[in-house]
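In the two assemblies presented below, chain A is common to both, partnered first by chain B and then by chain C.
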Partner chain A sequence: MKKINFNSRSLFALPYVIYMTIFVVIPLFMLLFFAFFGEGSFSFAEIGAFFTDGSQWATVGRSLRIALVASLWCILIGYPLAYAIAKIKSKTVQYMILMAVVAPMWINGLLRTVALKDFITTITDLIANIADTEIDPTGETLLTLGLIIDYLPFMLMPIYLVITGISKSYLEVSADLGASPFITFFKVTLPLSMSGIISGFLMVFTPAVSTYYMSEYLGNQSTFMIGEQLNTMFTKDNKSGAAVIALVLLVLVGVSVFIANQLSRIGNNKKGGIA
Partner chain B sequence: MAKFTGEKIIELKNIVKIYDKEKVVDDVSLSIKKGDFVTILGPSGCGKTTLLRMIAGFEKPTEGAIYLEGVDVTNIPPYKRNINTVFQKYALFPHLNVFDNIAYGLKLKRVPDETAKKGYRLLSQKEITDKVNRALKMVDLEDYGHRDIDSLSGGQQQRIAIARAIVNEPKVLLLDEPLSALDLKMRKEMQIELRRLHKELGITFIYVTHDQEEAMTMSDTIVVMRDGEIQQVGTPKKIYDEPQNAYTADFIGQSNIISAKMIRDKVVEFFGHKFSCLDKGFKPNEPVDVVVRPEDVEINPAKPQFEGVVMNSVFKGNFYDLTIVLDDYEMSVIDTKTYPLGEKVKMAIEPDGIHVMPKEALTNEYETEITGENTISIGDVDFEFVPAKGQTFTKGDRVVATIDFNKIELTDDEEEGQISGNITDMIYKGKYWQVKIWLDNDTALIVDTPYDWDADDRVGLVIKKEDIKVRHDEKD
Partner chain C sequence: MGITIICLVMAILYLPILFLVGSSFAGGWTYYQQLFTTSEYMEAVRNTLLIAVIASLVATIIASMAATGILYMSKRTRAITMAVNQLPVINADIVTSFGLVLLFVSVGMTNLGLLKLLLAHVLIALPFCLLTILPKMRQLDANLIDAALDLGASPFKAFTSVIVPQLVPAMVQAFLLGFTLSLDDFVITQYNNSGVPTISTVVYGAISRRDIPKAFYALTTIIFIVILLVLIVMNLNAARVRKGIKISRKVTAVALAAVILLATGGLIPMIISHFTPRELVLKVYNWEDYIASTSHGAKGIDYDLLEEFEAYYRDVLKEKGVKNADKFRVEYHTFTDNEELYSKINTQHSDYDVIFPSEYMVEKMANENLIQPIDTTLIYNYADLDNAIMQRTSDFTAVDGNTDQAWAIPYMVGTVGIMYDRNVIDAMAEKMPEDKKKITADDFEALLEEYGFGVLFGEGGTDVFKGHITMKKSARDSIGIAMIYGAQKQSNDEHKIDDSATYLANIENDDDNTLLSNILNMDGDYKIDLANEILMEQIRVMNPLYENDNGKKGFEKQNNRYNYKKSNGTLAYGLYWSCDAGLTMMAVDEEHEDDEEFENPLRFYAPQGTNLWTDNFAIPTYAENLDAAYAFINFMLDDENAARNIDYVGSQMVSTGDEIDLLKASYYVPGYTPIYENDDEENGEVIDFTYDPAETDADPFEEYDVNLAIAVFPSNDNIKYSAIMHNFDQAKENGVNNLMLDVQNKAAELTEDSSSGNLFLIVLAILVIAAFAWWGIYKLLHRRPRQLPDTVTTSQK
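The block that comes next holds the complex of A and B.
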């Protein structure tokens, strides 16, 4: 019998290995099992059904599009905000603003989503009353807005951390070599903060693409997303169908992580480029 | 010497820089000749890097003006100055390879072109490639253009940092302790390299360092700085042979600094012997400091002047570093021969081996105010004093307190002192150390102490009340 070496440092990893096995590895195999053995014997029937169903593809495409748009908005809002915070001289003021940005996350996500819907509905009802029509605020715009509000801190934090980590000497060298602050931003700060943008993107895009309650509360029939599809499968007790969708989600996330990593590598070794 | 035209390229006029109420640079005026290799030398915290950063444009002087070729550039941002800097920590861009790091400045450069619409054009890709390759060749890293920054050694990174600066053909190249991160051998090589580059390029170099040997071997002109002020400007030889004060003498090379008395012109007395020297212009019997370089003491000469006992001898490769004791003075002497320890030797110093300097101060003259009945404030702490007969003071009076250097006692236990401070500027004066102590309110006292302290040591100070003499400040 192999003797366990209790001095080994790798032993400290044991709790995590057990955790991973129970909550990640076994469920993964269960997914595969239900996807291929759902009808008692091995078959590609469920997978085939998914891939031949056009509406399923439309759902996947819609999910990707909505998540992508929300992520890009988060970059557009989050980057300048992170940059501005990082450039504030007083660290205390920096932390106070960051706290203000992160504070809403202390409130339950579902609660926030419902509150946002109620808030917007109150406004639209008011307008509807005056204009004497009916307005239903739910839809892609509200859903995207909800995603942006909810996930902005995840975009802000990594970008903020990367920007504050950029040594001041790079900016001084750039100025020394003749670059104005404007050019320095595009030639030094932006490329050096690319890794923050990429990890921020992943932290927003990944949960956004599979969101359920957001699309449930803020969307309508035209924003039916993959997370809702998954829920439908469960309510119909279709384990195999749910497993297939979960697998598709897994692959989508894996692919997006891969692409993002490739992008960040290109970003870091970007060959000069004459401005 | 590099090309010397006598033309001033940089002029600093009464530069003052204050950070958080602290004067880092205090009224510095300096002009630098075109093509010179100028070294600003001083210990850390003397303001030399701040001065360099103001020339580069990263800092604005609180007062004073900076001229580049006669043009006031005080308020011009760094990217509009034709000056480049080599930084202490290289700071090569990690997202660019070697070629693009060097090409960074060239890609932004605007060359005058009358045919172009805006009157200028950017350099062509070919021009950039040629210039970068030439710069790489200059620093002996010809085939390194495609390499990543993190694949280079410290020495190579430093060369790239130099190439990145010189490729822009600046009017002045600033170097902020560029060799301090390298090991000794590499540093020696780079010193020679930098000298060669300076000669080849003919650009004015302003080099900042705390390493006096580096300054001596490389520069045309050395600027010695201390506590934000310039102590002396001169050629390395001049600064070595004729230091302006004990501080400079101590900082540059090994030296014996001895308290002496100037009997009359060309005669100075120390070690109980009257030596002839070349210095004149002092008052008769004026207390002075004398600098004798260890190599200027002759052992067993034809005409002996004084004697001492060999205490220690260390072989240094091509000479012996001897410690010779006379009464209670300890002298450092360099000789090609060694002598048995304990042996009495006769010695002599030629007139040109003696350099006489005025004493910086003879006693502490501390400007302060009366805080109560027979108390004054020193470093924001109340000290009792004994007024001379007939003296009357009232609270708030501006006064000058005189305290002799040897009347202040130092303790290494801060608590035991009436007040505490940090030691700077230690100068060995044969039988005692003269140290400067900065109190916490940024005033300083000079103390003679028999003990060898370390720079930045925190010490307590004890002053007896009868040793504090107070008079009204005449300025009021």
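The block that comes next holds the complex of A and C.
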């Protein structure tokens, strides 16, 4: 029965499949094409130029470090927050708080970034006026703060979902077996919520490592990131150069997904990966 | 404990937003008024909402259909589909956007406007919608659809009447998620936008030249109040549902109708504008904040040239007997750089009637037939335009074999020079340690005369200003100036310029400026390697701040603090466009308007032999309202309008005439505001024209404060001994841009302070290791009781 109707029913997915093929799969091949054939004929020139430049590698390293620090902060803040929310008794209050965390996303991302900078500079200007010095708040610290504030909801949501999904019976069993709440947390809740942490990490790390407008407004010239470089090349119509950077970002993200998958396999043998 | 954490995090998340809400009321209701009366802002808000609603609606429908289909796919197809679905979720925004751009460019999809943005925004929402709906779909009873099919329903009927009703809650969730993501997005919108203003693009354009328009703070406040209401309503509903009261179908229907109304309501004005006869619309595409028009963000003036033009041209049309002449309007959009303009005309074929490309872009567009020659006989005061400038610019505006035509007419003209802050320089000289050279502001001015651009590269002991100067991120400007300095240096064999006079003499003896042109354009003996060497050395010696356009606020800021006299700014001097210098000096003057003692410490100096930049009127090949285009150019070049425009924009136009002279005169007399409405004779006011543009030697310098005038009106000598940077071929263009990226990479590498980040990582690593160690020790210590579980549980309980 099912076999016979297979085609007609899966046809419902046809618009989706067509759309995804055109707008997701083909562009990836276009990236490859432009990276190698951008100059008109096949060449490794653009890629070679990227790999032989030392300052370039410093930029990749810097982007990775900034994104890593921001993502780890997000875990450090997001996990206790998700835990605290999940422990609230009333579901209504839980949803209210969750909505409140996500609500700022209704304001455009760029607008929020600018508002943050405006806010911080107003404060530092005040301090500078009182202390009679010059304070330039932009830099790696402000950039990291901006990344944390902007991407915290992405960390919070998966962790919250996983924590609320942990069956209460596990915790009861643990308590019955004599574990203190502290031990229960470290031996039951934390390992079980590892998959949430890892998918949250990916949701934060990827946009953070590739950001360009945040590093442009919140950072200074010592936080030059790889996303800014891609953006400059794109605006200057250097498509093959930009395609190479895009590929590098793709590989960075791919590798981090792979590592995360491996980690979550170790953490949880039965469940598969994230992506 | 839990409450404390929640409150603390909420405080961090919401402080900037509360600040934003607070400052939206800083001007009473002005910002709100601005938001609703500025057509550009309202259009942006409408487009943003429209795109978000339609895109997430489409994505929800496609995703719910797909969720049905995926359940019936073979295991392998399903795995592949889900993997592809994860790609845009996991992939970086910027990579996805860039891939989309490549796709659109390759298939030549041009001028799709809103449709393109819609397609792109569906991509933002679709994968997340599917991820929201699919789990709910899995919980549905698969037999239901079989039953419907067996009972003779068509697959479509089965989908709409069996599946959809059960999926509604998940679909609403998916829609809301898609809506949120679409509103939040900046990158995909920015990359795939073709002339559709949205909140993202308007804010981005505005902050790249000036402050963020506060009207958007007002908008944010409104959005926030809406969110609050939605939150309250949803929670009330949720509470009711739990109490067993179902949300009536009517409520759902009303909500759905509201959404659809909103969507179509947004579409109607767009459709109407689509069907307005093209002769009743003039489409203008200009730089951000580059026209004296209060309805387009100009501040501090009480006139609006665009509105005046609309009124004027309506009368013209009426005289011609055109139907609906009163409906004529100017559709005015803005861009932030030449490349954005180019892509809009080249790839989208946007039908703008007047555009404002810079000199090299005029050449590029003329080469590619993207602009059409302007018939100069139709420009009524063409013969009166400033001779010196028109002569200099003729090397890119001249049309071969036709003297009655020009590719473009200069709109704004200026030089590249050095802006410096006398206060900061003096203060630094005072604080300079004994073993270092003290350079006061007067010394600095002497050095400027002597070395010109050399002061940016440490000549004459100016390396004591290391870390206190600015260069431009813009590749053409920084590299052009580096080339000029490099050539100066090379002109002396010993690689130091104790003799820049020789170089200047060379420039001055060179009648048609080919030498300077070769240097600036890296032609002939001059190669880009020279700039490379100079700029890399500059990073080491001067450690400049590479500012993009919004970085130029530094000079303004350090002079506008209320105790500016006491505190020391950090910027001594930097590479500046004359227009920006004029704008900054005006802003500082304005801030201290009431302070009689205040003397503006900002000065601008353009060395001889510099780069002349122009932004020009041009008419694209795809223009559709030529009559209005010519009328507009004529209107802007009229000396009265030009004078008012100059007074706002802060840089010179090519118009000449009484009004311009009056304006120039006004710049020399502090506190004098030119009167435009009255003729001088009727007014009875006698104005002494001490400044004659033809004779720069007539020296008004001693009598009046002319510093602003120097920035706004380049002297004839400056224009005479200047050259234009031409359009480069793709290889050279890439070379120039890549060099600037290398400079930025290098500068970041040298100045980067990785200590805090690394410290954090190290502390975290230590903590993790400690935790593992503690866990190991704990396990070791508790190994024994584990072997006897019974006793442990009883004893501990």
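Simple rule for what comes next: the second predicted complex is superposed on the first by the 261 of 275 C-alpha atoms of A that agree within 3 Å, B and C clash if a C-alpha of one lies under 4 Å from a C-alpha of the other, contacts with A are read in each partner's own complex, and residues count from 1 in each chain.
Basically, contacts are C-beta pairs under 8 Å (C-beta built on N, C-alpha and C of every residue); 3 or more make two chains touch, one makes a residue touch a chain.
Everything quoted here is computed from the prediction, not taken from an experiment.
In the superposed model, A:L177 makes contact with both chain B and chain C.
Contacts of A:A243 after superposition on the shared chain: chain C is touched, whereas chain B is not. In the superposed pair of complexes, A:V188 makes contact with chain B only, with no contact to chain C. By the touch criterion defined above, A:L111 reaches chain C but does not reach chain B.
Chain A is touched at more residues by one of its partners, and among chain B and chain C that partner is C.
Applying the stated contact rule after C-alpha superposition, one finds that A:S169 touches chain B and leaves chain C untouched. Judged by the document's definition of touching, chain A residues 177-178, 275 lie at the interface with chain B and also at the interface with chain C. Against chain A, in their complex, chain B makes its touches with residues 56-58, 77-80, 83-85, 87, 89, 91, 93-97, 99-100, 103-105, 107-109, 122, 125, 148, 164-165, 168. Put simply, chain A touches chain C in their complex at residues 1-2, 5-6, 8-17, 19-20, 22-28, 30-31, 34, 49, 53, 55-56, 58-59, 62, 65-66, 68-69, 72-73, 77, 80-81, 83-85, 87-88, 92, 95-97, 99-112, 114-116, 118-120, 122, 125, 128-129, 132-134, 136, 139-141, 144, 149, 152, 177-178, 186, 202, 206-207, 209-210, 212-213, 216-217, 220-224, 227-239, 241-243, 246, 249-250, 253, 257, 275. On the side of chain A, the complex with chain B involves touching residues 167, 169-170, 172-180, 183, 187-188, 191-192, 194, 267-272, 274-275.
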